[in-house]
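The letters A, B, C, D and E name the chains in turn, as written, and every chain counts its residues from 1.
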Amino acid sequence: MSVEKNWEPKIIAFTCNWCTYTGADLAGLNRMKYPENVHLVRVPCSSRVNPQFILRAFQKGCDGVMVCGCHPGDCHYATGNYFTRRRFMLMKRLLEYNGIDPQRFQARWISGSEAAKFRDTMTQVTAQIRELGPNSKFQEKWYQEGGPENE
Amino acid sequence: MSRTGVIICHCGTNIASMVDVEKVAEEIGKIPGVVYSVTNKYTCSEPGQQMIKDAIEEHSLDRIVIGACTPRMHETTFRKMLKGTKINPYMLEIANLREQCAWVHTDKEKATEKAISLVRMSVAKVGSNKPLFTSFIPIHKKALVIGGGIAGIQAALDIADAGHEVTLVEREPSIGGKMVMLDKTFPTLDCSACISTPKMVDVSAHPNITLKTSCEVEAVTGYVGNFEVTIRQKARYVNHDICTGCGLCETKCPSKISDEFNQGIGERKAIYKLFPQAVPAKPVIDAQNCRKLNGSAKCGVCQIVCPLQCIDFEDKDQLITETYGAIVVATGYELIDWTKLYGEYGSGRYADVISGLQFERLVNASGPTEGHILRPSDQKEPKDVVIVKCVGSRDEKKGKSYCSRACCMYGAKHAHQILEKIPGSNVYIFYMDVRTPGKGYEEFYNRTREDGATYIRGRVAKIYKEGDKLICTGEDTLIGKPVTVKADMVILETAMVPARGVEEIVSKLGISMDGDHWVQEAHPKLRPVETQTAGIFLAGTCQGPKDIPDTVAQASAAAVKVCGVFSKEQMETSPMISRVNEEKCCGCEFCVKCCPYSAIAMKEIDGREGNRKIKRMVATVNSGLCQGCGACTAACRTGAIDLLGYTNDQILKEVDALCL
Amino acid sequence: MNDTLEIKREAQLRETARRLLEDGTVGYIIGWGTTRFEDKTAPLFAAKPEEADRLVWNEYCINSLAKYSLDDKYPEKKIGICVRGCDSRAVNRLVNDKQIERENLFLIGMPCSGKENSVCEGCSHKNPVVYDILIGEPVEENTEEKASAERFREIEEFEKMSPDERYEFWAKQYDKCIRCYACRNICPACSCKECYADQYMVGWQGKQNNRAESQVYGLTRAYHVGDRCIECGECERVCPMGLPIMRQTKKMLKDINDLFGNYECGVESERAPVLGEYDLTDRDEFM
Amino acid sequence: MQLDKSDLQEALRILSAEAGVFVPSVVEGVSRFALWDGESSIDLSRVNTELPPKDILFPQTEKMYSYKMGKNIEIKEIIDNPKQVVFGIRPCDVKSIGCMDKVFLEKTYVDSFYAGKRENLTVISVGCTQTDRTCFCDSMGLSPSDAPGADVMMNDTGDTFVVEAYTDKGKQVMEAWKPLLKKGGKKPAAPECTLKVKMSPEISVKLSKMFEHPIWEEVSRPCIGCATCTYVCPTCYCFDMNSDNHSSEGTKFRCWDSCMFSDYSRMAGGHNPRPGKKERVRNRYMHKLSYFNERYETSLCAGCGRCADKCPAHMDITAFIDRVAEEEMENA
Amino acid sequence: MHSINHECTCSSNPLIPHVCQVTAIKQETPDVQTYRIQTLDGQKPFSPMPGQLAMISLPDVGEAMFSITAQGEDYIESAIKNAGQLTQAFHEMTPGQQIGVRGPYGNHFPVDDLKGKDLLFIGGGIGLAPVRSLIRYCFANREDFGHIDILYGARSPEDLVFKEDLSLNWPKEKDTTLHVTVDRGNETWEGNVGFVPAYLEELAFSPVGRKVILCGPPIMIKFASQSLMKMGFAKEDVITTLEMRMKCGIGKCGRCNIGSKYVCLDGPVFTLAELDELPDEN
């Protein structure tokens, strides 16, 4: 697949409202800079993130997907992220088993105070995915080949 | 099709300087369903809000998207604003264009593109928003305090003083807990009983407090404002309604039993008051040891001597169910059973190796020795006393890994008391560290050292008996040499552990414990007196080792939390909670397992199978308990349980919108 | 297979079935019956004592029967079901998932030394793990070494491939998928009232048949059943296009075993699935 | 006329210059009709392909129109009717195309999508030299070696095929093949299906009176409600219409659907006229053997045997037909 | 079965909708709206016969079959109840909204057979919608028909659809009697309270020279049919409409069959006698 000239990685990050989303806000308050490629979806808790959302994001055209939440033990809802941890340890392996590059799906614990970690993580992940190039796995070639645009 | 209004905020220049807001508004305006798309200088300002209200009227909008600062800032502001319009406050989404776009990017073109994506995602999401309505649950302004130690007493008094009814439940026949066993309190050396017993009396006399001693919590259901609690009133065999507490029965009772209040030093009767100042000041019969009740003899002496015929051998346990709006857990602590853990200290074989609490009773004027420090084995006054700290605490191998917090100070207090009461005595304190973080604590420790206590840094490795001496060997780690002290008595300053039965109470309440079985607070820093369950609060050592001032402080804090709950007639619950689609629910109970709040239960509903009417089980969410985390939704394979405000549909729409 | 022993077992099965139907212990019995073809049996529902003789027991009794109990969740009389090791684990699965009540079933245990089915190689439970009556003597189990060596062998080999090779492999497989949902409908771990994949209006899954949608279906199903899979292999057997479906669910199981300790589903009657619980000490790799 | 087997590749090459040629082949282990690339082997060893050729005319997913939402809705028909040839199709599958023709081209409405593809399709049938154990086309009134509905009929005589044109389209094929064809050749005798099923017109009539018969309860019980039988069936034509939506634009497509799915006939309010497997199995068998006969004067089963071969529960329509034949009518 | 008008006027491809627009929306009850539909140049999309159906769609949401409740010179109308995702989206429309329309589909009421007869229309809830097209047809050709009785019932006064017709338009028509009933009345309701079948028996219509057109929820149809049989009506004289899940509307997709009949093609209008001939599956 030839890489489009102006291709920019499209990265979606599901972030919990209490830690990572707050951390991202703090990064903003501190005017930290990171790539524009990252788009946050706010959810109450990382345990709200259904692993099917990840599949959906890849299918619809994301190049990288992240799930971020509070550090284990710090969950606003006490135990939510313990479930997150199990779910995504398994889902990540299943995705990789089906051929997704490990960097394309990552989970991270980033607290509300870790603005720098948020910035660094997003910068690093964007760089990794830029390196990998556009993702075509799990994507709807069918639509792309025959969608209204191409007619 | 929906009619969405979009407002892109300049935020002064905060957003507008890095994002081409006009372009964003223009691009978004092209999305079908967006019938109004404009920019605004300061959307959160009064004129900004008015503009939205006007637009709603003028363009018959049914949904609003605002591209502005983080929703964490003004979501509530805008929701409040919408309350005054025909749009439901939850038909709103906010795209974070400031903190997560303008402020963090440097390339205006790319930032503008990202802003368009972010707003488009919000537009897609809001299209699936449904009006949500807060519901109200009534608050029963009556509190239940579990545990009648100083924490429970303080919490009960504070709540009662604020004008609310309180029921204080204590499983022992008297309130008072551990504090009333203590002799003096550090660092001021107040008489412990002298400051705690008046509070106990206050409790019994307080018009707002119902005192339930010899009672245990049997079952708890419901949720904040509406806990249905079943309390077991254990049989006392003495009618407290009539009894005046004259004590005649106690003097005539022939059974003598080791006195637990005095830590086994001394004896009590089978009909007894826990201690002289007990509240209520009325006796109960210890059925296990009563000759009549355990069937070992006919006896019944107490019944004969009682002038008011209070004794009722037929008394039975009773269950009482009441509704409470809030619960304070103050179940306290007990000391670790060192005899099972420390064979090297004699496993309890040596009578003169005693625990700190036993020493408190020995040195207490109302204790078995009337305050004379006499060693249990031969009632002689000890001259050389060894105090060992950190027994069972900070000892991962044998006991607990945590620091028990109060031992350094009461160890110093014990040393001080010995040196004061026994002239010419020597006190050797084996310690690992000395921790004195408290007002006047370091000064007190220094005073003890000035009094002549010898602090030896190191653990006692072994205690054995030689004649009537106890030989304590260990290493002084400061000089790196072995030490041996010949002592007349050894006091082990043992670790606090959660009171027995805490596991049961925790499971009845549906709250959680940490690995050491201390009750888990909602957040270790920011919500230390709350639990994960709304309306259940923590006071005192049930949450972790504490000294008295901290215990009392937390009790008062818990009381304030309770009063906070009681400050309203009814409580607004967030509508962004989970909801079950009963049609789809297959009753597998996976959601139940994932809920941190035990907010999901199973219920039976009518269904049809072919032509047959059947009953089937489906999940149901308790709106009073659900906090809206959504852990259940990702566990539900069918998607039968969904989180309102963050539905599967909404999130999928957001994902799709990004991927255009 | 010891033929005389199995012939005897068939006779015993018929005799027992007849008795159970005669004395009213069960309303009907689900077992295997003949078809037009010698090497195929089909599920048989025997309701009358005289139908007991139509039950067969041979190396072609491969259909899993436990899930048929879901067609009759509220029976007036107990349902008799012939259960091999795998079927008995399927029963446990359904009981665990609160789909049926154990009391409604009468399990006729059929020790099984393997059928004309590749999944039987390395079977870890040839004898039923739960039953009400056992027909004949238990058969000898595979050694633990054999069973465990066989269990994840294919997965381990597959993991050695590069991500692109793995993708290629699965993409070709999912190109074949016709989305008949036989794998789902036969699976004892698939017991949703309405599968996510049928909820087109919610939008989890499109109904169009193409590689991407079939991949989403395949992975989602693997994730949905992976922590509850009893390894009966029915999904793979019924697939008309021959997709190696078990290789997805077994991957989940292998990871679960690696991450959370020994785990085999449907062996105990009460065990929370791995994703329905957590442990504070779970490995943390998302630092 | 005859065509040497050695000239087959060449014959196909001639056709593929003008049209996409579908041949029976094995793709990733599945035997099906696939576009011939000039090289790939043609697998005529099997009696029947595992997947029927129906998706050439009636793709499993077929885009109908694209749309753009907005103030104005734009709708644009998607027309995709390339010239195609299907080679090596067996008489039963040819008969199936005949059934689909009736559905999509007769009775008031003409289905444009199907019509367009059908118009551009040339059907070259190759008669069977042997039969599978699940084959029963001759019980359904067909001949394994003759497909009256084909454009070209070919029969294997060992080294050559006997070739015969049945239609104008067929004559064009013969014309194109002229250099390869030799005169003569005798059509071989048809092989006989080993499986004999007691199908007859009376069965259809009998069935129409058996709607309330207890047989349905019994035969439907093993069914697991999957779509295997309907998706491997060469005549099953039920479809669903859905949209593949990307925000404000997308494509409307139709895709195979199966009357065996529980949600197939469920209405928006939840009512389902065919709520259980009994009703669904009944509808499918009735449709195949009775309803279709009533409406179109032919049965909707060609006797290819695929469903009997692939059914996960080993249900067998032939056993069912024989059961009906034996059924005493007083029960009906 | 009656004569079928199967000339799809929308497009040469019967499965592709014609883009039309909603030019007026009327709120009938809290959950029923009537949409006036015209082509983009203000014309009538097609001329249906009474009882025929139209496939109406929002292409990104879905498509469903609705009965056409009325037609005028340059428009058709359909009354739609908010019951699911698609109808919810319809209810969010404002005038000017474009929609997809194809049709008309199905057979229609046998207007020729009804000529010269007394007519009794029985409608329940939204079931008045398909009947309304015929009622309007009869009024437009008033001389062709005898006495007209309209018996209509809804759950409550608020749920009565076409209130204007019920209270203003229809009572003015000559030789016409309206009988309106509700299951539950309210403070202002002065009409009859009770279920349709009971009211029907109370009104005691004579079967002589009278045809009945019956439409409503299945349960009402069941009991009203029983009442009609009791009153001596012949099954041939009772006409009703069926509802089935429909997708294509042109008798291809296979979903709406009852026996060998397709409701979208051979229905939705059947007499009770015709229904008796079909398998009991709806």
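Rule of thumb we're sticking to: a contact is a pair of C-beta atoms (placed from the backbone, for glycine too) under 8 Å apart; a residue touches a chain by one contact, two chains touch by 3 or more.
Note that the coordinates shown come from a computational prediction; the quantities given were computed from them, not determined experimentally.
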Comparison of C-D and B-E by number of C-beta pairs in contact, larger one
C-D
With centres defined as the mean of C-alpha atoms, identify the chain lying farthest from chain E.
B
If you average the CA atoms of chain B and of chain D, how many Å lie between those two points?
69
Could you tell me the distance, in whole angstrom, between the mean C-alpha positions of chain B and chain C?
46
Chain C and chain E: spacing of chain centres that average the CA atoms, whole Å
50
Centroid distance [mean C-alpha coordinates] between chain E and chain A, Å:
52
So which bits of chain E are touching at least two other chains?
58, 62, 84
Residues of chain C that touch two or more other chains: which are they?
194, 196, 204, 208, 210, 275, 280
Going by residue number, chain A touches two or more other chains at 51, 56, 79, 83, 87, 142
So, in the complex, the side of chain D touching chain C is made of residues 27-30, 50-51, 60-61, 133, 195, 218, 221-222, 224-228, 230-232, 240, 242, 244, 253, 255-258, 261, 263, 277, 308, 310, 312-316, 318-319
Residue positions on chain D within touch of chain B in the complex are 69-71, 246-248, 270, 275-276
Would you mind writing out the residues of chain E in touch with chain B in their complex?
58, 89, 92-94, 97
Please output the residues of chain C touching chain A within their complex, sorted ascending.
158-159, 163-171, 196, 204, 208, 210-213, 215-216, 219-220, 222-223, 226-227, 248, 251-252, 255-256, 259-260, 274-275, 278-280, 282-287
Which stretch or stretches of chain C touch chain B in the complex?
73-74, 97-99, 191-196, 199, 202-204, 224, 272-273, 275-277, 280
